[in-house]
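Inspection log for the structure reproduced underneath, given as structure tokens.
Which chain is which? They are A, B, C, D, E and F, in the order written, and residues in each are numbered from 1.
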Amino acid sequence: MTMQPTTTSATPPLASYTRRTLLTVICEASIEGRVAADARRLGAHGYTASDARGWGQHGTRDGGWPLSGNVRIDILCEAAIADAIAGHLQANYFASYAMVCYLSDVSVLRSDKF
Amino acid sequence: MVHAMPFEPVILFFLLGLLAGLARSDLKIPAVLYESLSIFLLLAIGLKGGVELARQSLAELILPALVIVGIGAALPLIAFPVLQRLGKLSRADAASLAAHYGSVSVVTFAVGAAYLASVGQDYEGYMVVFLVLLEFPALMIGVWLARRGQGESPLGKVLHEVFAGKSIVLLVGGLLIGWLAGADGIKPLDRLFFDLFKGLLAIFLLEMGLVAASRFGDLRRAGTFLLGFAVTMPLFAGTLGALTASLLGLSVGGAALLATLYASASYIAAPAAMRIAVPEANPALSIGAALGITFPFNLVIGIPTYYWLARQLEGVV
Amino acid sequence: MVHAMPFEPVILFFLLGLLAGLARSDLKIPAVLYESLSIFLLLAIGLKGGVELARQSLAELILPALVIVGIGAALPLIAFPVLQRLGKLSRADAASLAAHYGSVSVVTFAVGAAYLASVGQDYEGYMVVFLVLLEFPALMIGVWLARRGQGESPLGKVLHEVFAGKSIVLLVGGLLIGWLAGADGIKPLDRLFFDLFKGLLAIFLLEMGLVAASRFGDLRRAGTFLLGFAVTMPLFAGTLGALTASLLGLSVGGAALLATLYASASYIAAPAAMRIAVPEANPALSIGAALGITFPFNLVIGIPTYYWLARQLEGVV
Amino acid sequence: MVHAMPFEPVILFFLLGLLAGLARSDLKIPAVLYESLSIFLLLAIGLKGGVELARQSLAELILPALVIVGIGAALPLIAFPVLQRLGKLSRADAASLAAHYGSVSVVTFAVGAAYLASVGQDYEGYMVVFLVLLEFPALMIGVWLARRGQGESPLGKVLHEVFAGKSIVLLVGGLLIGWLAGADGIKPLDRLFFDLFKGLLAIFLLEMGLVAASRFGDLRRAGTFLLGFAVTMPLFAGTLGALTASLLGLSVGGAALLATLYASASYIAAPAAMRIAVPEANPALSIGAALGITFPFNLVIGIPTYYWLARQLEGVV
Amino acid sequence: MTMQPTTTSATPPLASYTRRTLLTVICEASIEGRVAADARRLGAHGYTASDARGWGQHGTRDGGWPLSGNVRIDILCEAAIADAIAGHLQANYFASYAMVCYLSDVSVLRSDKF
Amino acid sequence: MTMQPTTTSATPPLASYTRRTLLTVICEASIEGRVAADARRLGAHGYTASDARGWGQHGTRDGGWPLSGNVRIDILCEAAIADAIAGHLQANYFASYAMVCYLSDVSVLRSDKF
């Protein structure tokens, strides 16, 4: 797998990008509202959610029934805020809820939005 | 004699779903169809109850309502120590299960009413008021049982979750609209809400069969105690319901329906509320028992049994 | 005397949705159910109109259609300067609002027709033809108002957006099918499209109540001018509609429906078209006013008022 | 004389969808509505067949069933060499197309039955049993044709895919429920499953029109041979069906329906099964032909033609 | 946060990967068709969309109503094309539409497809 | 495009992250079950799927019809497992099915889950 991050990108600097962190949370649909509220309180300026299904440690959640649906939440923000949200989720939900969360580095336009 | 029920067609739809699920068919009821059907069923049950309520003096309902809710509230208090001591379940799990079995299942109620209609047995139309009233207390008690002596209590959240929750909004909303509009005002809506009720209930039960089949796996973890509980508890609660109804002088149909209500375990409102208020409880246990065992048990065996019981008690109490 | 309307059951469903939304209930009508219901309503309205049209000489409709569309096209031209000068709105916002209020709302029309049916008032069945015809002109005028003197004009896009848009395809498609098949040919479809109409309209209005509640927040930004406009404009347009109808010799029911059409503000076709043709207009303003104020106003107060007006004008003009 | 069919309203809905699709309208039937409607149609067809079956001696059905399935199984075996030799298609594509045309289309059957009802022609209610039986054999044969002499054969997968597939579960499930419950037991469900059948079929056909329009693009790749096949094959198969039925002494209506079954090409079960068992076949070819040409051809021209044929053969064979 | 990109991946070079850019756009559902057409015109060879909901600068878009739905669009392409599409979106939609867009680096199989 | 991976992230090490690979597969909905089963067999401990639509080499798949729907599958796992799954998909599905797959590097919490 040739994941050499030192390869420089060939893109011309047409638009100006800034590095931000993308926090992705996959969790039970029933706590979507709480996660969104927590994220807002901890400093996120936006969030996006889609319905999802899947399986993991807590078994199969096939979404065939409202109580078995998952949701995929994406929050684009500064690294420190992503970290604060991830820490908060870890402290408050990991023990009792089906939940996965991970971070990636992305380049955004209009960095003031995030 | 207990009326055999398996050929009542709506039950056959449940069995079809169950079989399809166990045979790992790719049959799936889209989640949106499930939600749409439950919106329909809740509104229709509410409307029907409201129309009946408009024919009724509300003052006469106060006493029976108090007795029915009071005795209903005893159910989770009885179930909790049994689950905790005999079942060796954690406090959270015992409290959550107590809440599920203390609350009621709207669809079990609907099947009970359909059963009575198909055997030609009348019942008090305002029974749906008790359905609404019995939904809450057990959930409150469940949260209290789980949180006793632990300081923080999310009762406020649960109250909002339940009262602003969609089942109550639709049931109570339908009840009020039916009550305000009366049988004549509702007439243009009959074609949808009353004529199609049984057909759409059948499709809903098909889906419940599929869901129940997918919950059988959870039962392996549950152990035999919970399996026994999921059959014994409805029989006990059903008997209590039939006795309470006879005491209050309800008709045979009303007694069968109250028994069905007490015997039914919530698998919509309770799981949602417990997931938020008692998150450390394992939802697989409670949903597995309520939906995997008690719901089919009530459909096929319970309801005819409660009806038989109600007829035995007629004139006795 | 204005007929009180609040107990008409379909309105009660709207109020239930509104209350549930304001109480922050978790009740949600799945987007797919909303789309399915709107497909149904549009087809059903079209079919009904087509069946009536088959009973009609088309030639006799040409003159009234021209008058009705002509006067209807004046509405956005009157609204625009009011919005721009008095309301101090930007040209784009004024043009977009003018388009919303100049166009028509299918559901308001359906509630108006249901109201007339419930008070036993007949009306010309081909009114639905005017509903279709009134949908476009205001949208074209709105785009022209926004783009005047700016060179580039996306009229072509808007034309395609509207004529190939789903509301027109379903309304006109239903109209044609109803017209081709006639009352007898449609009979096997009556059970779905006519018998269930009012019940499904009720569920649709429940959802509209939820959506309207979620739009109240937008109104804060709107300011009092827009609030006043959202109530005054329908009253003005409704009066114009009742007068036009009387002039054309339509029945009392027809006059009440034409008033309702003129008074109604589009919240499906117009927002979609304006979003593409006048993107710099703020959709929160127009949808907030049309859906948050004018729609409920017409349902509860407007329609009975227009009917009252139509009866006053009977024989006068 | 062939009965003209274009004014049969359900066909008009198909044409409306076709036109809307070709005009690039933004009209979309949500996928969930499509799935919900197909669940409804399959259950309703099954239930209706089951109720009729309950009136029938099963033993008498065995011989006709064997003949009908046997002759039906010849269809893919005839189609395969034609497609491979004359059409110069790859073995996989020829086998997949043979499976599609050998199997049957439930919706074409439903439209055929609606057509007979609208011309007042009776037919044997148990025809739906043959619909179920004809679904499989061609799929098995298609897989066998594609895999002959290649060792590995995913027949097991296909068998599970088909028998546990949702169309069979719903059709056979409905059949069993209708058979167990009988006409009286099903009565409370009539309002949904029978009264609304034609209206919901109309909405389903609207969607099929949209889908068919989106498949026209695939046909360009297909070439004229496939276009000819998609019209000739149903005419050939339909004639074989009418002859078989007359041979078995079925009524004129039954003969028309069996012709329709043989002539119809599967576009639900077959594509799903072939995608898994013969993945190297190009689905655009088979779906384009079955849905883009044969389905509309059967709706508008085929069905009246088969009915005409059935009447010609009456008393002749 | 240990985002050290110098950590070499342990994956055996079973399949051969190429670096490409993933452009993600979250925007109002009503302009999905136009964004897709623009992307195709600017050189994208594919695109993927899913329904979404969320909130940001333009308020809450909960998807409960056709006009309030969002869509999440993913386009996998060469960096220069991603940049051209992002620049085009910025110039044509950012001012008037609810829209967010960001880029990330991914490794694709079958690089000739993108 | 300023994708300099050497920029160090400012996030405080509140939670402890581990690098994992995110394998994303976009394919015909009809093979979702098989891809999920393959992934499990090859060592994935979880998976997430959402409905999607799009276009690519195999034409438009607009999801308006069950047979034309796509699915987006995300699998978070160790790089070696992601590679094994990707290789398996390449060998078994690429020739006959509409399918795209790509890998990205992400930082996960609770690395033992993946």
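As a convention for this text, contacts are C-beta pairs under 8 Å (C-beta built on N, C-alpha and C of every residue); 3 or more make two chains touch, one makes a residue touch a chain.
The shown structure was predicted, so the numbers you read here are calculated from the model rather than taken from an experiment.
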item	value
Joint neighbours of subunit D and subunit C, given as chain labels	B
Starting at subunit A, fewest touch steps before arriving at subunit E	1
Reference subunit B; chain at largest CA-centroid distance	E
Most distant chain from subunit C, judged by the mean position of its C-alpha atoms	F
Distance from subunit F to subunit A - Cα centre to Cα centre, in angstrom	15
Whole-Å separation of chain centres (CA-atom averages), subunit B against subunit E	46
Subunit C: positions in contact with at least two other chains	28-29, 32, 35, 196
Residue numbers of subunit F (touch at least two other chains)	1, 3, 5, 9, 11-12, 15, 17, 50-51, 79, 83, 103-105, 107
Overall pattern in which the protein chains touch one another (line/ring/star/complete/other)	other
All chain pairs that touch each other	A-B, A-E, A-F, B-C, B-D, C-D, C-E, D-F, E-F
Touch list for subunit A against partner subunit B, complex	28, 30-31, 59-60, 62-69, 95-97
In the complex, subunit D residues that touch subunit C	7-9, 12-13, 16, 19-20, 23-30, 32-33, 114, 117-118, 195-196, 198-200, 202-203, 206
Residue ranges of subunit F touching subunit A (in the complex, touch as defined)	1-3, 5, 7, 9-12, 14-15, 17, 20, 22, 36, 45-51, 74, 76, 79, 83, 103-110, 113
Residue numbers on subunit C that touch subunit E, as the complex places them	28-29, 31, 34-35, 210-211, 214, 217-218, 271-272, 275-276, 279-280, 283-284, 287
Subunit E contact footprint on subunit F (complex, rising order)	1, 3, 5-6, 8-9, 11-13, 15-19, 21, 24, 26, 50-57, 70, 72, 78-80, 82-84, 86-87, 90, 94, 100-105, 107
